[in-house]
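Two complexes, one shared chain (chain A), two partners (chain B, chain C).
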Partner chain A sequence: MGEMEQLRKEAESLKDQITAARKAVQDSTLQEAAAGITVVGRIQMKTRKTLRGHLAKIYAMHWSTDSKLCVSASQDGKLIVWDSVTTNKVNAIPLKSSWVMTCAYAPSGNLVACGGLDNMCSIYNLKGKDGNVKVMRELAAHTGYLSCCRFISDTEIITSSGDCTCILWDIETGTQKTVFAGHQGDCMSLAVAPDFKFFISGACDFTAKLWDIREGTCRQTFGGHESDVNAIGFFPNGNAVITGSDDATCKLFDLRADQELITYQDSSIMCGVTSLAPSLSGRLILAGYDDFNVNIWDMLKAERVGVLAGHDNRVSCIGVSADGMACCTGSWDSFLKIWN
Partner chain B sequence: MMPVLSIPTLRSGLPDCRSSDLNVPVHRQLWLFIEDIVTRIQDETEGVPIRTVKSFMTKIPSVVTGADIVQWLMKNLTVEDSAEAMHIGSLIAAQGYFFPISDHVLCLRDDGTLYRFQAPYFWPSNCWEPENTDYAIYLCKRTMQNKTRLELADYEAENLARLQRAFARKWEFIYMQAEAQVKIDRKKDKIERKILDSQERAFWDVHRPVPGCVNTTEMDIRKCRRMKNPHRVKKSVYGVVEEGTQSQSPIHTSLHHCRKGTKEDVEKEILFLNTQLDRHCLKMSKVAESLITYAEQYMEYDPFVTTPEPSNPWTSDDPTLWDLEMSKEPSQQRVKKWGFSLEEALKDPVGQELFLKFLESEFSSENLRFWLAVQGLKSVPQQDVAQRVQDIWAEFLAEGAPSSINLDSHSYEITSQNLKDPGRYSYEDAQDHIYKLMKSDSYPRFLRSSVYQDLLMARKKPETEQGRRTSLEKFTRSMGKSLTGKRLTGLMQSS
Partner chain C sequence: MSNNNASSSLIIAQRAVKQLRLEASIRRIKVSQAAAELKQFCLQNASKDPLLMGVPSSDNPFRPPKSCSLF
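Presenting the complex of A and B:
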C-alpha cells in the first residue's frame, strides 16, 4: 500500500473514531432536555423605523455598541452611519469601490470598516480632528473578495475572504498578524466570541470553523450543512455556535460537545438563509432568508415562533442591538427596518 | 399533455451534488423543492384540474385557476394558513414555474386568474443565463407575427429599441435568426403554439422582468462564480451559435479550487484530527442543561421575550429606559445580573466600581486593578505599548512591587518570557490566571458581602431613589475612610 493510501486510511480511521466519540456522548437531545420548558409563545414584531437613503441593494449592516447608531453598506457605493432613533444620517461615506459586501462598527464607536470586490478592508475614522470622515487604512493582502470583517478593538480587525482564508490585522501598521487557513471554500462570514479570544467562520465548503485568535490555529470544525454556510453567530455565552446555510436550515453546534445539537428547519421553508442573529438571552434566533422574510425560531424547541415580513426583496443582513431592544434588517430593496 | 418543443426537452438539469463540488448551482435545493411540488401538482390524479377554458370565441388550453393552486398547496404541503400557502406559491411563480397567462407580473392570486405551468425546457434549473442576443431575437420575432396577443408591452418596445442600437452592426444576423424561429413556430399546431408562446413569454418575464418587479435571477455577487452552468457551456435558448469572443464577466475571478490533497495536507489533517480526538466531549445532556439555564436566566432581560420596564424606547418613543441604564443608580434587576457571572459584574461600570470598592475594603484590589490595566493596554497606541508594559510590570509584578499580585511560578515564567518582546498581549496568560482567581475567590465573597446584598435586596428605609443614592454615598464615604494610601493610580484608567 502506497504511503498516500496509508495516510488517507489513517485519516479516515481517525474520523470514524471522532464520530464514535461524539455519538458516545449523545445521551439526550436538546429537544428532549427542553421538553418541560414553557413555550415562548407567538412573537409579533412591528417595524418601528424605516431607514431610507440607500439607492441600491444593501449588503450589510452592523450595530454600534451604544444600541442606537448603526452602519450599513450598499451597492450604491455608500457607507451610511445612521442614528436609528431619529432615522437621521450621521455620516454618508462615499466609497472608492461600489462593490461593497460587508461593514463593521468598532466597539469603541470610533471606527467603521468595509470591503468587497476590491479585496481590501478599508478602515474609516469617524472621529477625525476636522470632523471629516477619512480613510485611515486600507488593508490589502486577500486574493479574493472581502465577505466579512469584525473589529476586536481599535487596533485589530479580523476579515474573511473569498480566497478561503481569514486574516487578523494590526490596523495601526496595516499589516497581517495572522492568516487563518483551512477552509476549502470561500469564507462567507465570521463572528467574534464574547471574550474576544476566539472567532468562528462559515464557508462555502459547508463547514464552520472555530479559531484561536492568539494561537492562530483551528480548534474545531463543524459539518452537517448540505450547502454554503452564509451566516454565523455565537450564542450569547460563547459556548455554542449558530449557522445559517443555503440548504434552508440553521443549526446550533455546541463547542464543548463538539457537535450539532439541533437543526432549525421547516418543510415549507426552501430558501437559503442569508443572515442571523440571536436575541439577548439566546432564546430566540432571528434568521433572514432569500424569500424576503425573517423567521424567528425558538432556540430550544426548534419551532418557528414568528415571521417578519416587510421587505420587498431578499433580507441580506440582520443584527440585534447590544441591549437587545431592537433588531435591524437590511434588504436588497434598499431599506433598513428596525423591529421589535 | 405537455407539448414537445423542437429542441429536446430536459428534465431537471440538476446534477447530483457532492460537498466538494464547487460548481453546484446555488439555488439547487430551492429548485429541487419546487420541482417536486410542480411535478406533483400536475399529476393527473393527485394534482389540480388542468383544463381548457372556453372564452368568447376562443379556447384557452391547459390552464388552472390561482384559487385551485392555493387550495392544493394548503392541502398537500404542511402550511399553517393560506397566507403561508400564498407565500410559497408566490415564490414558485416568481421563479417562473407557473405563470398568469394574461400578465407579465409573476405572482400568485387566490382567485379565478388563470395560470399555466412552465415547460421543463425553460426551468431555471437548466441554468439559463440568456444573452441579450437571445432576447433581441425573441422581441424581434414577436414583431414579425401579426397577433394582438403578441403585441409588445411598452417596456418591451423600449427594450427592443435599446437592443437595436446596441446590436446595430449585427442586426441582420439577429433578424435572420428571428425569421428562422418564426418559420419553426408556424409549423406547429395552433393550440400547441398558444401554449409555447406563453411559456416562452414567461421565461423572458423571469430573465428580463417588468421594470419594478424583483429580478429573481439576480445573484449575490459572492456566488456569481457558481451561477455559470455546471458544464460551463454557453448556450442559447434558440440554439444560436455565435462566433466571436465570449466576454468574461468582470466578477469572474480565477477559481480557488481546493487543490488535490498533497501528502503534507493529509499529514496536517491527521495532526488536526488527533487533537480533535484528544478533546474531551461533554455529554449532550450537560450542554443542553447549560444552554437552557442560560436562556432561562436571561429571559427576563430579553426585551423580545419580556417587555422591559418602564417601556421599550423603540415602541413607546420614551427614552426613560435608556436614561435609567446610563444612570449610576442601578435598578434591582440590574444588580441581580451582576450575580450571574463575574463577566456581567465587570461589564457594567457601576458593578465594576462596586466590586473594586469591595476588594479595596479587603485589601485585595491589586488583582482587579491589574486586570483592568491589562485591558487598557490592549487599546493603547502602538508607540506607548512598550512603556505601558513596563509600567504594569513595575506596579504589579516586579520584586517589591507596590501592588504585587499573586501569580504562580509557571505563569510568572511565561510572562517574563513574553516581556522579552513586549506587546499588547504579553500579559494574556497572567490576566487569565488572575481572572480565574477573582472568579473563584473574591467574586463569590463579593456576592455574599453586605454591600452587594443590601443593594440587591434594596434594604433601605425608604425605598426611594433618594434612599438608594444616600445609601450608596454613605457606603462610598465609609470605604474612603478605611482606605489608606491605596488609591486608584493612573494605570487603572482604562481607555
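Presenting the complex of A and C:
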C-alpha cells in the first residue's frame, strides 16, 4: 500500500475515532438539562440612539471596554469613534483604502485597527501626542482580504483572512509572531477567549476552530454547519462557542465536551446569519441576519424570544457592551443603533 | 514537476493526520456536566444581565433621566 493510501486510511480512522469519542460522552442533551427552566419572557428592546454620519454601508463595529465609546467601519472610507451616549463623533479617521471589512478597539482604549480588501491590518493611535490620529503600523503579510481583527493588548493583535489563515502579530515590530493554518476556506471571523489564551475562528469550510494562542496549534475543530460560518463568539465563561452561518442557523458548541449542544433555527428563517453577540449572562444570543433583522434567542431553550427590527438593510455587525447595558447594531443602511 | 506535487501532497496528508491525532487525543467531559454548568452560569448571572432583566430608565445611560422640578 502506498504511503498516501496509508495516510488517507489513517485520517479516516482518526475521524471515526473522534466521532465515536464525542458520542461516548453524549449521555444527555442541553434540552434535557434545561427541561425544568421556563423560556425567557418576550424581550422587547427599543432603539435608544441612532448614530448617523457614515455615507455608505457599515461593515463592522466594536465596543470599547468602557461601554461608552465604540468604533465603526464603513465603505465610505472612514473609521468613526462614537460616544454612544451623546452620539458625538469623537474621531473620524479617513482610511487609505475604503474597502474596509473589519474594525477593532484595543482593550486599553488607546488603539483601533481596521482592514479589508487591501489585505492589511492598519493600526491607529487614538492618543497620539499632538492629538491627531495617525496610522501607527500597517501589518501586511496576508495574501487575502482581512475579514476580522481583535486586539490581545496594545502590542498584539490577531487577524483572520480570506487566505484561509489567521495571524498573531507583534504590533511594535509589525511582524508575524504566529501563523494559524488549517482552515480549508476563507476565514470569516474570530473571537478571543475571556482569558486571552485561546481564540476561535469561523470559516468558509463550514467549520469553527479553537486555537491555542501561545502554542500556535489548533486544539479542536467543530463541524455541523452546512455553509460558511460568518460569525463567531465565546459564551461569557469561555467554555462554549456560538457560531452563525449562511445556512440560516446558529449553533452552540461546548469546548470541554467537544461537540455541538444545540442549534438555533426556525423554519421561517431562510437567510444567512451575519453577526452575533451573547448578552452578559449568556442567556440571550443576539444574531443579525441578511433579512435586515436581529433575532434574539433564549440560549438554553433555543427559542426565539425577540426581534430587533429597525434597519432598512442587512444588519452586518452587532456587539453587546462589556457592562451588558446595550446592544449596538450596524447596517448596510449606513446607521448604527443602540438598543436596550 | 509531478514529483514536487506528489511530495507536497504527502506532506499535506502527513500534517492532516498529525492534526487529527492531536484532536482525537483531547480529554472530553460528559455532555450532562457541560450542559449543567452552562445552565448554572446563566442562572447565576441572570440578575446582573441588563438586556435580560430590562434596564430601568433611571439607570439607563442611554435614556435622559426625566427631570423633576420642585417649585
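Heads up, the rule we're going with is that the second predicted complex is superposed on the first by the 340 of 340 C-alpha atoms of A that agree within 3 Å, B and C clash if a C-alpha of one lies under 4 Å from a C-alpha of the other, contacts with A are read in each partner's own complex, and residues count from 1 in each chain.
Simple rule for what comes next: contacts are C-beta pairs under 8 Å (C-beta built on N, C-alpha and C of every residue); 3 or more make two chains touch, one makes a residue touch a chain.
Quantities reported herein were computed from a predicted structural model and do not represent experimental measurements.
Taking chain A as the reference, the larger set of touched residues comes from B, when chain B and chain C are compared. In the superposition on chain A, A:S267 makes contact with chain B only, while chain C stays out of contact range.
In the superposition on chain A, contact is made by A:G144 with chain B only, not with chain C. Contacts of A:M188 after superposition on the shared chain: chain B is touched, whereas chain C is not. In the superposed pair of complexes, A:Q259 makes contact with chain B and with chain C alike.
After overlaying the two complexes on the shared chain, residue contacts for A:N237 are found with chain B and with chain C alike. In the superposition on chain A, A:D163 makes contact with chain B only, while chain C stays out of contact range. Shared interface residues of chain A (contacting chain B in one complex, chain C in the other): 3-4, 7-8, 10-11, 14-15, 17-18, 21-22, 24-30, 32-34, 37, 40, 43, 45, 48-49, 85, 218, 220-221, 235-237, 239-240, 254, 256-259, 261, 279-284, 299-300, 323-327, 338, 340. The residues of chain C lying in touch with chain A in their complex are 9-10, 13-14, 16-17, 19-24, 26, 28-39, 41-46, 48-52, 55, 60-63. Those residues of chain A lying in contact with chain B across their complex are 3-4, 7-8, 10-11, 14-15, 17-18, 21-22, 24-30, 32-34, 37, 40, 43, 45, 48-49, 85, 99, 101, 108, 117, 143-145, 147, 153-155, 162-164, 172-173, 184-186, 188, 194-195, 204-206, 214, 218, 220-221, 226-228, 235-237, 239-240, 246-248, 254, 256-259, 261, 266-268, 270-272, 274, 279-284, 290-291, 293, 299-300, 309, 312-313, 316, 323-327, 332, 338, 340. Every residue of chain A that touches chain C in the complex is listed here, in rising order: 3-4, 7-8, 10-11, 14-15, 17-18, 21-22, 24-30, 32-34, 37, 40, 43, 45, 48-49, 68, 84-85, 182, 217-221, 235-237, 239-240, 254, 256-259, 261, 279-284, 286, 299-300, 320, 323-327, 338, 340. Taken in their complex, chain B has these residues touching chain A: 17, 19-20, 22, 24, 26-30, 33-34, 77-79, 84, 87-88, 91, 214, 218, 220-223, 251, 253, 256, 258, 263, 266-267, 269-270, 272-274, 276-277, 279, 281-292, 294-299, 301-305, 308, 312-315, 319, 321, 325, 343, 378-379, 381-382, 424-425, 428.
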